[in-house]
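Structures given as structure tokens follow.
Next come two complexes, and both contain chain A; in the first it sits with chain B, in the second with chain C.
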Partner chain A sequence: MKVKYLIEKIEGEAELEFDFKNGLVDNVNIYFPFYRGIEEILKNRDAMDALVITPRVCGICNHAHLIASVRAIENGLNKAGINIDLTQKAISLREFTLSCEIVQSHFKWFYLVALPQLLNLDRMKCPDNYILKASWASTNIVKALAIFSGQWPHASYAVPGGVSCDPTYEDIIQAESLVDEVIRFVENELIGMNIDEYHKRKEISNIKGDMAIMFGMLDKHNMKIKGKSYDRFAVFGEHPIFQTGQYNKKYSNDIDFSHIEEHPQHNSKAKSVTYKDMCYEVGPLARAIMTKNDFMLNLHDKYKDSVLTRVYARLDETIKLLVHIKSLLANLNVKELSCTLANMPKALEADGVGMVEAARGSLIHQSIIKDGKIQKYNIITPTQWNLSSGTQKEAGIAAQAIKGSVSIEEATFIFRTFDVCSVCTTH
Partner chain B sequence: MARSTKLKILWLQSITCNGNTHSFFSHPNFMTLMQKFEVIYHPILDSKYSLDNVINKKLTCDILVLEGAFRETGMQKADREIYEIAKSYAKKAKHVITVGNCSTFGGVFRLYDPEYIGGFCFNDETPNEAYKLFKRKLISLPGCPAHPRWIGNLLSMILSQRQILLDNFHRPIEVYGYSAHAGCPRNEYFEWKVDSKNYGHKEGCLFYEYGCQAPYTHANCNKILWNEVSSKTRVGTPCFGCTEPYFPKKDLWHTNTLMGIPATMPMGVPRRAYLTITGIAKSFSIKRLNEPIIKYKK
Partner chain C sequence: MNDYSFTKKECDMGKDTMESVKKLFTTQSAKVDTNRGGEYYTDLYETCRKRLDELKALPVVNNKLDFQETIMDEGLDRRDFLKWASATTAMLMLPASFTPLVAEAAQVMNRIPVVWIELSDCAGNSEALLRSDGPKIDKIVLDIISLEFHETLQAAAGHQAEKQLEEAIELFKGKYLLFVEGAVPLGMDGQYGTIGAKAETFKDHLLRLANGAAAVIAVGSCATYGGIPAAAPNPTQSVGVMDVVSGKPIINIPACPANPSNMVGVVLHYVLTGKIPELDSLLRPKFAFGYRIHDNCERRAHFDAGEYVEEWGDNGAKNNFCLYKMGCKGPMTFNNCSIVRYNEAVNWPIGVGRGCIGCSEPDFWDKYAYERPMANANIKAPTGGVEKTVDEFGLALLTAAGIGIGIHAVASAVAGKKNSEKDA
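Right, the complex of A and B next:
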């Protein structure tokens, strides 16, 4: 029996076409209906225009698009023999702002998507308190981000050679105090303990706060065993707290861009994407697996790539990033140069790739520049990895995870554990 | 159940990135504000009705908030043209607010197919068919995205029945009557014509080389600040003119010039006046403005 379902509030919408057999989901096709043509809009524009246009792919991960697009230009410059050497200050500021955006997105997923959807499964209404928490936490972390980027969403402060801002120590203090506030929120509300205690805990059941509510509900709905896909992961973007590479029964730290391939999909405006002809999961779970932290590996041994592991990875990453960005600010040396490239070379010919870890996983921009103008631009988003219907050989990552669901409600909840973003998927 | 007497808001999206939704969500008093209204539909909040209800049932709303660019055909949700849905709600609503540059003028997404894609009531600066129907209730909040305070305070002003003066594009004058240049900390460099020489410095004006459009862009960004803390020009990024009908222009990081002078003059300034003042300012060299503001010890 085929059932069509319009899934909404996923940064846009998508259509899921379920195939039920004996009361269980046997297959699902995922259609993203609308294409906005960002890559075509960029054609024949000045190379730098990408830094302004590409963030407009997505209202929730716009900053990741900015960083991917500046990395693509810089990679092209390097390959063209123009050496780009970023200062540690510029590297740290970019990492800081990018990490703040990831944290913002994770808070929203937790309080606006995951908790309300779990409550829905139990026919319970979402308390306003969760919206308040999502708003407070995300507002404060993007405020810290905006001190350096000027605004969020849609900043363009990362420029080839560094960043456009020139912060003072006083700016850094202000950012630190905001991060401290957000950490206090995490300790008081999200995990119900201080972060040191959190790091020492042995079991998920030791965690308190809203995370405990979440794990209680996941347990009740058997999410320790549901939502498993191929247990295959990839991380492409460089970030000091994540390890790049793939995991498919064994680890590999190679990243070869030439193995990444996009495929058009019937009836959908989104392309699927494969690495060496296989679908890979990207995102917080992939990053946690590749980075091999003990607690996470233990959890993965027990529950594989189930919903529980995937959700835990996202929340744990939120905490790790907050700790990391505190140290970035503590070590920031404002005396270093913000930007080392005086001007973009005239009539630039370049072909570069920029890869970055965004909230939902690896984001890739490729720009081919001729005579200073963009000749071709290609964007591969994290959600293309996770949310395609699949290839001829296999179902997509989320599609596989949904198989065996007992109801549309359960299937869509599992779908949402990938943190769905419709606008990114089609761009 | 008691009938709510709160004003009803319906937030409808067309061709968008959700940037205005997320911008507004960063309003520091988001919840307190939203609780003053009955939210019929919202793209990220749990709301009373589903999108399918919004599209296929005849609901009513007092305030219709539109986000994203429109095309007459080819942008469907639940098998219905979203443009038609927007028009049908706009007919009955008391207020129609277009948030963001896309829903106001067409914005970034208009560039993909300018013949068919535009704002709800304007295509760039030209009023379209829908403008005739809805001009009496239209309020435009262009920006890419619109500032959270523009959206929040407009909703509150509607609620408290304050006077809302509008300009010729229906933008509230209390917000868009200022130039983005007003309040920019680089103003001294503008006055004395000291250019920024490269990115990453507190000093220097971005108007001459780096494409800054703040002097002729209608917005109070540098008065009220973004995320309560900063603005593009404060972090050394030029203003890209995102509240204007021609956004995004080509060569965003370069100043168009006419015989070596910026081609577009600051808002309301005659070219002759600008040239006179520039000539005088440039004949002096102000030592302080040619040095770093802060000299850290090694």
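Right, the complex of A and C next:
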């Protein structure tokens, strides 16, 4: 029996076409009815135009797009023999803003998507204050971001060679206090304990607050065993608290851009993407697996890549990033240079790749520049990795995870644990 | 150092246009009229008073959140609220005596139903408005605006949501404000973007909802002018709302993302007066788009003094000098970012040393693009038309202002050099 179902609240829509067999989902096709043609628009433009156009791919992870396009140009310059050495200050500031963006996205996913959808499974109404909580927490972390980036969404403060801002101690103190407020929010509302206690937890059941509500409900709906995919993970973007590499039964820290391949999909402008001809999951769970912390490995041993592990990884990452960005601010040396490349070389010839860890996983930009103009620009978004229908050989990551679901509600919840975004997937 | 200079022809043209630009910005019609005389405001006050009383008598459309309670939740007191009300009164270019009315209007905003739809967009304006931006009280006011339909915020999803939308547009026929985010793709019979289970094209969806709206508000540069999707070669043949909808009042709030303060301003103005605010020729509210970024820029003094950033990370950058030579489009861009700033006013692009990219002007993706200095950008300066106003002339003349300013920038740099030579 074939059933079509429309999914909303994902910065656009997705259509899932389920194939039910004996009351269980046997197969699913994922289709995004949307297209803007950003890559076509970038063609023949000034190389630097990518920095203002690519962030507009997505209103949620726009900053990751900015950093990816800057890294692509820098990588191209380096390959062309123009050495770019970022100062630690520029690196830290970019990392800070990028991490803030991941954190705000996780808050929104948790309070605006995951909790209401879970409640929906039980036909329960979502309390209004979830919206206020999401809005409060993400507003504050984004304010800290905007102190350095000028605005969010759609900042363009990163330039090849560094950043354009030159923060003072006052800016840093302001940002620190905002981060502290958000950490207090996490302690009081999200996990119901202070961060030190959280680090000492032995079991998921030790955690309190809204996260406990989440895990209680996941448990009730048997999400410890549901939503499993291929247990294959990849992390491409460099970030000091994540390890790049891939996992497919065994760990490997070698990861090579040249093994990535995009495939057009029937009936959709969104392309699927494979690494060495296989689908890989990207995102918080992939990052947690590659970074190998004991708690996470334990969880993974027990529950593999189930919904529970995936959700836990996203929330744990939120806390790790908050702790990390506090130390970034504390160690920021304002006396260093913000930007080390004064001007872009004229008639630039470059071929570069920029890889970044965004909220939903690895984001990849590839730009080929000739005579200062973009010859070809290719964007591979995290949601393309996770949310395609798959290839000829195998179903996509989310499609595989949905198989075996007992109802459409359950299937769409599992789908959403990948943090769906229509505008990114199609661009 | 940026290597660009003006040709003699450009300089001559500059002299010409400098005069015309001066006239342009001092002619009466180009000015934003902030004082219309006592009689006008007395009348307006009466109208607003009556309107508010009428609204108060109406039932609350959607009493999701109680206003007083919400304010308490956010830890704000009455005093903060009144502070916000007086700032907003000033932003709407009303006399201070209107402050209590604005405060009242904020509290009856839940009598005006709002429907918000997303077309070919990136969700950036929703993000800016509903989740992450805007002075604190604006945000709360938006929480209590009766959002009858917003895909992301409403609890319902799927068929349930579609049903809710249909009910809302039937129930509030002719009364709701329709906010539109995103461009309208016309290519391939509209198949580049469809909505709902029946796969209604964005264009049909928009026309159907606009039909029953009191006014249509295009939020962001995509909804206003087509924005990014409409950038050359416009693969999806996207256009803005005003190119598709006719026979309805349209208000454009461009910028990428549009500033939440301006969205709130428009709604408040409508609540208060029952009318849409005064618009310019591009249908932008004058209270927000009546001035250039350059007019109120915090770095303006450096422009006047001829002190510029010449390269990323140079001494000028460290000293927050003017970004004009790095390609800042502030002098040609009409918007109030330099006053209201972004993200609860913590900062704005020029505050972090990145010039304005002119995101609230038409076709900025193609004409302005990256921070290419004006002289290198392919923008034609217009000739003649001294008497024409900003509104009639639109973008073209603003570019002339750019050339005029360019002359100043070159002249000041030369002057600066001479001084340093003397010193040496």
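Definition applied: the second predicted complex is superposed on the first by the 427 of 427 C-alpha atoms of A that agree within 3 Å, B and C clash if a C-alpha of one lies under 4 Å from a C-alpha of the other, contacts with A are read in each partner's own complex, and residues count from 1 in each chain.
Just so we're on the same page, contacts are C-beta pairs under 8 Å (C-beta built on N, C-alpha and C of every residue); 3 or more make two chains touch, one makes a residue touch a chain.
Treat the numbers as computed from the prediction; the structure is a model and nothing was measured.
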Fit or clash between chain C and chain B when superposed on chain A: clash
First, second, both or neither for A:Pro345, with chain B first and chain C second: neither
First, second, both or neither for A:Ser156, with chain B first and chain C second: both
Which of chain B and chain C A:Lys335 touches, first, second, both or neither: first
Which of chain B and chain C A:Asp166 touches, first, second, both or neither: both
Partner chain in contact with A:Lys4 - chain B first, chain C second, else both or neither: second
Which superposed partner A:Pro116 touches (first chain B, second chain C, both, neither): both
Which of chain B and chain C A:Gly404 touches, first, second, both or neither: neither
First, second, both or neither for A:Asp46, with chain B first and chain C second: both
Stretch in clash, chain C with chain B, out of 76-84, 94-102, 364-372 or 382-390: 364-372
Residues of chain A at both interfaces, chain B in one complex, chain C in the other: 6, 8-9, 11-13, 33-34, 36-38, 40-41, 45-46, 48-49, 51-53, 56-60, 62, 108, 112, 116, 125-126, 128, 131-132, 134-135, 138-139, 142-143, 145-157, 159, 161-166, 174, 337-339, 341-343, 423
Residue ranges of chain C in contact with chain A within the complex: 2, 64-65, 70, 73-74, 118, 120-128, 130-133, 139, 143, 151-153, 155, 157-159, 161, 185, 192-197, 199, 227-229, 231-236, 238, 256-257, 311-314, 317-318, 320, 342-344, 346-354, 357, 359, 365, 369-372
Chain A - residues contacting chain C, complex: 4-9, 11-13, 33-38, 40-41, 45-46, 48-49, 51-53, 56-60, 62, 104, 108, 112, 116, 120, 125-126, 128-129, 131-132, 134-136, 138-139, 142-143, 145-157, 159, 161-166, 174, 337-343, 423
Contacting residues of chain A [partner chain B, same complex]: 6, 8-9, 11-13, 33-34, 36-38, 40-41, 45-46, 48-49, 51-53, 56-60, 62, 90, 108, 112, 116, 125-126, 128, 131-132, 134-135, 138-139, 142-143, 145-157, 159, 161-166, 168, 174, 334-335, 337-339, 341-343, 423
Touch list for chain B against partner chain A, complex: 13, 15-23, 25-28, 30-31, 35, 43-46, 50-52, 75-78, 108-109, 111-113, 144-145, 197-202, 221, 226-237, 240, 242, 248, 250-254, 294, 296, 298
